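Here it is: the structure, laid out below.
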Amino acid sequence: MADVTTATRLKKLINSPESEVKDALAGMAAAHADLIRVEYDPNVIIRKDPPKKGKVGLVSGGGSGHEPMHGGYVGLGMLDAACPGAVFTSPTPDQMARATKAVDGGAGVLHVVKNYTGDIMNFEMAAELARGEGAKVNAVITNDDVAVQDSLYTAGRRGVGVTVLLEKVVGGAAEAGYDLEKATALAKKVNANGRSMGMALTSCIVPAAGKVTFEIADDEMELGIGIHGEPGRERTKLRAADEIAEILTSTVVKDLPYKRGDEVIAFVNGMGGTPLIELYVVANAVNRYLQKEGIKPARWLVGSYITSLEMAGCSVTLLKLDAETTKFWDAPVHTPALRWGV
Amino acid sequence: MAVTTAQLVDWLERYAGVIAEQKQYLTGLDAAIGDGDHGINMDRGFQTVLVKIEPVKNKDAGTLLKTTGMALVGSVGGAGGPLYGTFFLRAGAALDGKSDVSREDLVSALEAGLKGVVERGKANLKDKTMVDALTPAIARAKARVQEGASIGEALSSAAEAAETGMKGTIPLKALKGRASYLGDRSIGHQDPGATSSYYMLRTLSEALAEVPQGAKTATS
Amino acid sequence: MADVTTATRLKKLINSPESEVKDALAGMAAAHADLIRVEYDPNVIIRKDPPKKGKVGLVSGGGSGHEPMHGGYVGLGMLDAACPGAVFTSPTPDQMARATKAVDGGAGVLHVVKNYTGDIMNFEMAAELARGEGAKVNAVITNDDVAVQDSLYTAGRRGVGVTVLLEKVVGGAAEAGYDLEKATALAKKVNANGRSMGMALTSCIVPAAGKVTFEIADDEMELGIGIHGEPGRERTKLRAADEIAEILTSTVVKDLPYKRGDEVIAFVNGMGGTPLIELYVVANAVNRYLQKEGIKPARWLVGSYITSLEMAGCSVTLLKLDAETTKFWDAPVHTPALRWGV
Amino acid sequence: MAVTTAQLVDWLERYAGVIAEQKQYLTGLDAAIGDGDHGINMDRGFQTVLVKIEPVKNKDAGTLLKTTGMALVGSVGGAGGPLYGTFFLRAGAALDGKSDVSREDLVSALEAGLKGVVERGKANLKDKTMVDALTPAIARAKARVQEGASIGEALSSAAEAAETGMKGTIPLKALKGRASYLGDRSIGHQDPGATSSYYMLRTLSEALAEVPQGAKTATS
């Protein structure tokens, strides 16, 4: 891979494609020494304060390049450990096995896995390893991306924005003492009640690849983009933010469907290269659409929480609330990227 | 007559070389219908394999292939890691303790590897995955060996079948893996995993081409 | 300006350059209804819970395009009001006058002004207006950007990253009951103890201008960039993140200078288009440099907190801590963009 | 003989027109040594002026110019807003209640405006700001009026001086405003504010060119 680093340096704040993930982990360890500790080879981010005995452990992981997901969500009331893979590449089973072992307080461990073939298979292998050592391990698969056609015969929908909300809600419940079965059931419910759709204005550049993942013209956008820059539903002409927000939100709303009177968390997410001012422009249009449909955005999250390197674009996630979900969304959380109530 | 561990090492080294050479090409295929990392992932994996097999080059074939599988599982990630990792782990398990590997042993090992891939990934034929290259290739190798072909001949034939299978993925609509998100837009592109599987068979056939052949039979 | 919007739509999530600021304000109002309320014409973001009588009011403002600054810092323990101007353009005196009036609880109001000619003059006019109506108004000017040569005969240094830290610290003090003079003195101390320097990999695009503010080659970066894309100290070849971080940090350290044994807040800021993973790579290098120099990063802030639209790049800010500064940095804060202790 | 409010309205409309026309040009000048918004800001301001002066077009000159100043202060922002706003507020205050404005009145008003700009911005001559265009221009207008020139002639001369002052900013190193951050890198660029100030004088001279002239004097 030396060809990439030496020949043309990328317009990125990195030292080399090979060292990016470890350098960033070391930066996280320095900046959040009060919350997390980082182990290397295999790479794992683990909660600093060891979870109390008897608490269900919550472990997630996935490719790097989606920061703050997942490492930024390790801490009180959310994840107990996160496993960062290479950029946009599922981590390997040894990472998840180590994380599982480190956070197993005897009450079992729940794996939060985004629905990608690689993530599923690697987490499965890790679970087999961990179970082989006597751990109780459940897994929940998030698959909230309405841009992808759902089907029994395909890999199904991708896991995207709902993953963040699920980690918060189930993390709150685990902190409150939910056992493995109850935590698993809650996780499945949250996934079932959540839907997302994203879009991109520009491509990202995987450092090791050294060039844009997809070409896109100056007057085009990609609707239904995946968080790895996977092509989406449709390549169309650029439109106004209000129209884009309406396309995303209405597609999400109609999919579940969300109904008049529903209360939701409205989550407007930036893809990494989009500035916050634009996310608020989108939030405004999302809000208008929801008001019109009689859906109540009882909670909001606006910011870049599940990203795709420097890709410009946004996604809209809705999660239907009920008393249990709201309670654990509102519960205290203290992680590098989300914090309230403490 | 039998395949030696040294020849299998030669295979792995050849395969690692081709992967390194074709890294950008494989990544480009994956960018078109996936996330553009297949070449990068496989190269990271096989560079690790080269290091990890160093201490077991003189061990039995089973140990060599299981070490390869573990190295892949622990370094590739993505879909490729568990799939190729499982392939080599299972193939290695089938050759446990063997240093001289017969034609039949090798074919059984390849079959065991493929079975592992299918169990792990649950892909059917025509789902536009590596299975579309591996399945016809290994079936052909088995048939040729049963017909009495040398392992070199059988594998050379298998590599041709893998290439055909690989090309056959082009018109398919992906039903598994990341490419399936594209639906109809996946049609017209060659599957990256099928391509790396073809390289795997081709390098195996190259490594075994000079195998001193035992019983000579008619080649057809 | 119709030429820009209709001819070529920008790769931005906006409806039009003219409506961007108001659309974003409406989005903020929707997403943070528990914390802020927004008034239009003149545009002001005001704390939802009216500050208690007798509390010093803290008002800041500046051009839009730097989000979350300043509107994202309105709330408990930080600003009482913020005045967003047009993109990269100082707000107008009527905005600051309105904000001042709205948050004056009788104990006077402190204006936090970044050192730009426009900001200073507009805030001065606002202060004249407010004083004319009987308000007590002080102003503190932030000028922490070491990239600019300091001089009595020039406009002096720009106000950048320290502004965010100052708003937090002085906001905490005002919440704790500091009077106007004490709050002003603390603000001046914080400014005096803080230094920053930034760099850019890419330019931003001011929507109304419709094109990049500056041209920069694929293998170049701008060192000492201003937060409006003003040219910096030097245009150089791209370097590794570690080298960039060392240039920024060492320049900052030598300027005050920060000395062995000093405790600091280390603030690694993203310019808007740089993903978080890269900021952690930079944080790692900043940490290494500080450790080497014997300077203790007792607190960290890593993220995009004072941005320049979609510009890619980062800045490094250090603020020397003493007991008073640390106490009010750690004090509870509850705003759209910063929250802890509550 | 005297300048009428209608002529001053004509001035403001001409100036607004030139600003709109030169918006990109002014913004380009500002991008080179500032933040690339001077044209955008001034255009936003003068579009507001056009709306805000509608109800006071028939009022006295003082009201017209103060309304203009308020509109600028409330809509331009940046450095340009307070500076041009103060210019018009002070000039308007100098013409309070006057509907027929004598040559001397107009020159005094311009002087008052300039004094306001200097008080507000504290720029010295040669700091590379609008002051470098305004100062020589208004001095020239005053001198020509004192020599007995018509207001049209005096302003035409003033516009020439403004243009010279504007061009004179090119070799200067900026000491005030955003361009000062550039230090030596500001040398070689024309100051955007000096440029918009030149337009202000030029459009004033155009608006007054057809003023029926009273005492005719020698032009030199």
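By written order: A, B, C and D. Residues from 1 in each chain.
FYI, contacts are C-beta pairs under 8 Å (C-beta built on N, C-alpha and C of every residue); 3 or more make two chains touch, one makes a residue touch a chain.
All values reported here derive from a predicted model rather than from experimental measurement.
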Checklist entry - Shared touching chains for subunit B and subunit C? => result A
Item to check | subunit A-subunit D separation of Cα centroids, rounded to whole Å | outcome: 56
Checklist outcome for this item: Rounded to the nearest Å, the gap between Cα centres of subunit A and subunit C is 28
Next on the checklist: Taking the mean of the C-alpha atoms as each chain's centre, how many Å separate subunit B from subunit D?
Outcome noted: 78
Checklist entry - Taking each chain's centre as the mean of its CA atoms, how far is subunit A from subunit B in angstrom? => result 33
Next on the checklist: Counting only residues that touch at least two other chains, what does the list for subunit A look like?
Outcome noted: none
Next on the checklist: So with touch defined the way it is at the top, what topology do the chains form here? Options are line, ring, star, complete, other.
Outcome noted: line
Checklist entry - All pairs of touching chains? => result A-B, A-C, C-D
Checklist outcome for this item: The subunit C residues in contact with subunit D across the complex are 1, 42, 63, 85-94, 116-118, 121-122, 124-125, 147-149, 153-155, 158, 206, 208-209, 213-214, 226, 228-231
Item to check | Residue ranges of subunit D touching subunit C (in the complex, touch as defined) | outcome: 27, 31, 33-37, 40-41, 43-44, 73-83, 85, 120-121, 174-178, 180-183, 185
Item to check | Touching residues (chain side subunit A, partner subunit C) in the complex | outcome: 8-9, 11-16, 20-21, 23-28, 30-32, 64-65, 67-68, 72, 201-202, 218-219, 238-242, 244, 266, 268, 272-285, 287, 297, 300, 302, 304, 307, 309-310, 312-314, 339-342
